[in-house]
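What follows is a pair of complexes built around subunit A, which joins subunit B in one and subunit C in the other.
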Partner chain A sequence: MAKKIIIALAGNPNSGKTTVFNNLTGARQHVGNWPGVTVEKKEGTCSYKGYNIKVVDLPGVYSLTAYSPDEVVARNFIVEEKPDAVVDIVDAANLERNLYLAVQLLEMGAQLIVALNMMDEANSRNYRINVEGLSRLIGAPVVPMVAKRNQGTMELLERIVEVAENKVRVKELVINYGREAEEEIAKLERLISQDGEFSRKYSSRWLAVKLLEGDEEVIKKFKEVKVG
Partner chain B sequence: MYIKLIQLQKERSEAMPNKPLSELRPKERGRVVKVGGEGGVHRRLLDMGLVSGSEVEVERVAPLGDPIEIKIRGYHLSLRKEEAINIQVEVE
Partner chain C sequence: MDRQEILQASEQSLAHLRSIYSDEAETVVADARYGFISGLLKDVLKKPPIERLTLSDKIDKVVVNRWLGLPLFLAMMYGMFQFVFTLSVPFMDWIDAGFGWLSELAAGIGGWPGSLLADGIIGGVGSVLIFIPPIFLLFMAISVLEDCGYMARAAFVMDRLMHKVGLHGRSFIPMILGFGCNIPGIMACRTIENPKDRITTILINPFIPCGARLPIFVLLAGYFFAAHAGLVVFSMYIIGIIVAIIMALVFRKTLFRGVSGHFVMELPPYRLPTIKGVLVHLWERGSLFLRKAGSIIFSVVVLIWLLDYTGVLEPIGRAIAPIFAPCGFGQWQAAVSLFFGFLAKEVVVGTMGTLFAAEEEVLGGAIAAQLGWTPLVAFAFMVFCVLYVPCVAAIATIKGETNSWKWPVFAIFYTTAIAWIAATLIFQIGNLFVG
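Showing the complex of A and B:
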């Protein structure tokens, strides 16, 4: 029996996510809907080094708030299903905007791999990206790619297997939000960690930050637990 | 007295020429000072990189002034007029 890996593909719209998905899964894909919302759900499989890799294509999003169904779908999959790896397809020619999503994924404690796509486009604009430096800075593997020419796919698969096998661990990113916010975050975190089930399932810091933001989806989660 | 007040106002507006992003013409640049808007819209604007301090340049304005296309953080973003009205910029 082949060992199973589940990965999610995340990324901004127009970052080449679908191209990467097609490169990975070829014709082995099917399309459905996420339960309860009219957001398309694409899944495919691929085999690599004795692994059966299930690839879930998440909706293209800029952020992971509770305001749009696309973002909620993407976020819920990552926090609830905990895929073995989350591949964030990043437009290398548009790093600043794209890395915002990467930072949010890291804050959620996702096992992130950054696929630095459209490297040709970045090069033609004379952008020089220090791939190793970026990887060190964010604490996650970074794979340069040109998805439309199927460049970088093998290296991406290699990194996916490494992360799924726990050879590489991506640490949850902790951003200091300043003294006042941090005091409140700490208080909430203490309360959350008293509930064993919650703190086993989710990052308590992430939940605390979301509660402070007034994130309706996360508030709903807490209400359900109290009632149930 | 009245004239003095006008003068004071004029000086102030010259020192801090803040105005809504919707009033900038193509090629005009500025620095974001304040982002307004309600809940979801506000958050989305911040998510797209429109935070105080970011540099913006108006690229094009559609007829009747809606929507407008701006350049921010190296990419192009289209905004409805009603969104641009709530973004205060300091004009360079």
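Showing the complex of A and C:
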């Protein structure tokens, strides 16, 4: 019996996410809708080294705020379903903008793998990226790829299995938001950590930061009546 | 905990942050994330030079430059102390004149109540309060540098240096906070995850001269090094930083071996500090100083006056004084000041003020005349004050943060030992040259 792994694919629009999805799943795809919203949900499967990997393609987004249904769908899947691994497809030629999503995913405590796509493009612009250094500093595996030529797919699968099997743990990223903001975050974190249900299910720090961001979805969660 | 209460607390936090940053917290959070990414990419991405640069990038090209960064940081600090010193002089003269007038008025009462008021309270507390201008100006300068984003750059620049001693730039942020007061500095070490890095950073923090030590420097440098006072005060801060870094290296080689963690140093975009933000920070630190002056400094000064008036103080001082003889300041008055300075560093000056019953203007002269101090002795004394025992409140904070008595007790002894060695070396070697 093949072991099941569930992973999510995240990434900015135009980062080559669909190409990676096609490389991983081939023809075994299924298109539906996310419950409650008219956002297309694509799923596919892939077999690798005796693992049965279910790949969920999240909508392409730049950020994980609660401003669009796409962002809410992507975020909720990661927060609520807690996939075994999340692959963020990052455009290596536009690192600064693309890493914003990766940083947010890491702050949520996602088991993130950064797929550094379009390395050929970055190289042709003479960008020199220290892949190992990047991986060490963000604390997550980074896989250089050229998805349109199907380069790097095997290494990506290898990393996915490692992360899903807990051989590599990706730690929640803690960003220093400055003295004033950190004081407020600490205050809220303390309050949240007293809420058994929330602190078991989510990272208290993440919820605190989201409250400061005025995140509608998170505020809604707090307004819901506590059950039990 | 009711979730409704958490939401209310978050509303309060948002309002507080909005008033400080004059921007939504959401923007502040996003800026910090981009700051993280920009710091990260400075380390791992090399782009060809033709790319367009933002204004922040252009400023950073100079400010965090490999060669210019450190000299610029030093120049910035030097400029800061010159600014603080020059600008505070007229204000200090006014306060001094005010206390002089009060003191004369009080002395007119006569008897022990007159002495208590004039020598004890006005002499002691007054000689501390006179330092409100330099202390507040220093806190204001630090707030401006923090709020505009420069301090994050300073930490980034120091990151390279700190790596050489086995720490990282994140350990420098508590040191910067320590310039105001060591207590928030020590508490800020919480952001350091690795326990070895954390304890090392906590243990070196007391070497960073806090605002409470500024009166000692301003008083002594102002009298003994009149023309170069700003430079001498600046040198005290540099000595504090250098000793802190050397001790960090020593700790990493002995007590806490191992590799320090890797961190990204956030480089948030530069922003114009808001007047409100600066004032809020200034008040946070400044009010602490005022409250200390009204409570602990006041009580200690009255205690010292009482001990002095009853003749108990001198024998205590004479018993301790021989320890400081090799450092050059083996007089009982100096010993007593240092001893009570353990309660709060402002008390060092306050004690002298009570003992010599004088305010700042004549206090320097009184010390030179009655104790026979030379500039060399004053310098050794200042260095001792930079390095010796953390104040009681800092000790309590170290205890709280490390959750054990081992580290605060260790801190008391090792800092004092280092202070003694440094002051003795300065005095003895200096004597060879001065003759």
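Just so it is clear, the second predicted complex is superposed on the first by the 224 of 228 C-alpha atoms of A that agree within 3 Å, B and C clash if a C-alpha of one lies under 4 Å from a C-alpha of the other, contacts with A are read in each partner's own complex, and residues count from 1 in each chain.
One rule holds in what follows: a contact is a pair of C-beta atoms (placed from the backbone, for glycine too) under 8 Å apart; a residue touches a chain by one contact, two chains touch by 3 or more.
Being a predicted model, the structure only gives us computed values, none of them experimental.
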item: Subunit B versus subunit C as contact partner of A:N33, first or second or both or neither; value: neither
item: First, second, both or neither for A:Y100, with subunit B first and subunit C second; value: both
item: Subunit B versus subunit C as contact partner of A:A181, first or second or both or neither; value: second
item: Touched partner set for A:Y67, first subunit B, second subunit C, both or neither; value: first
item: Partner contacting more residues of subunit A (subunit B vs subunit C); value: C
item: Overlap of the subunit B and subunit C footprints on subunit A, listed as residue numbers; value: 96, 100
item: Partner subunit A, residues of subunit B touching it in the complex; value: 39-40, 43-44, 47-49, 73-75
item: Residues of subunit A defined as touching subunit C within the complex; value: 95-96, 99-100, 103-104, 125-131, 133-134, 136-138, 174-182, 184, 187-188, 191-192, 194-195, 198, 208-209, 211-214, 219, 222-223, 226
item: Contacting residues of subunit A [partner subunit B, same complex]; value: 62-63, 65, 67-68, 94, 96-97, 100
item: Complex contacts: residues of subunit C adjacent to subunit A; value: 1, 3-7, 9-10, 13-14, 16-17, 20-21, 24-26, 28-29, 32-34, 36-38, 40-41, 43-48, 146, 170, 173, 177, 188, 191, 193, 262-264, 266, 268
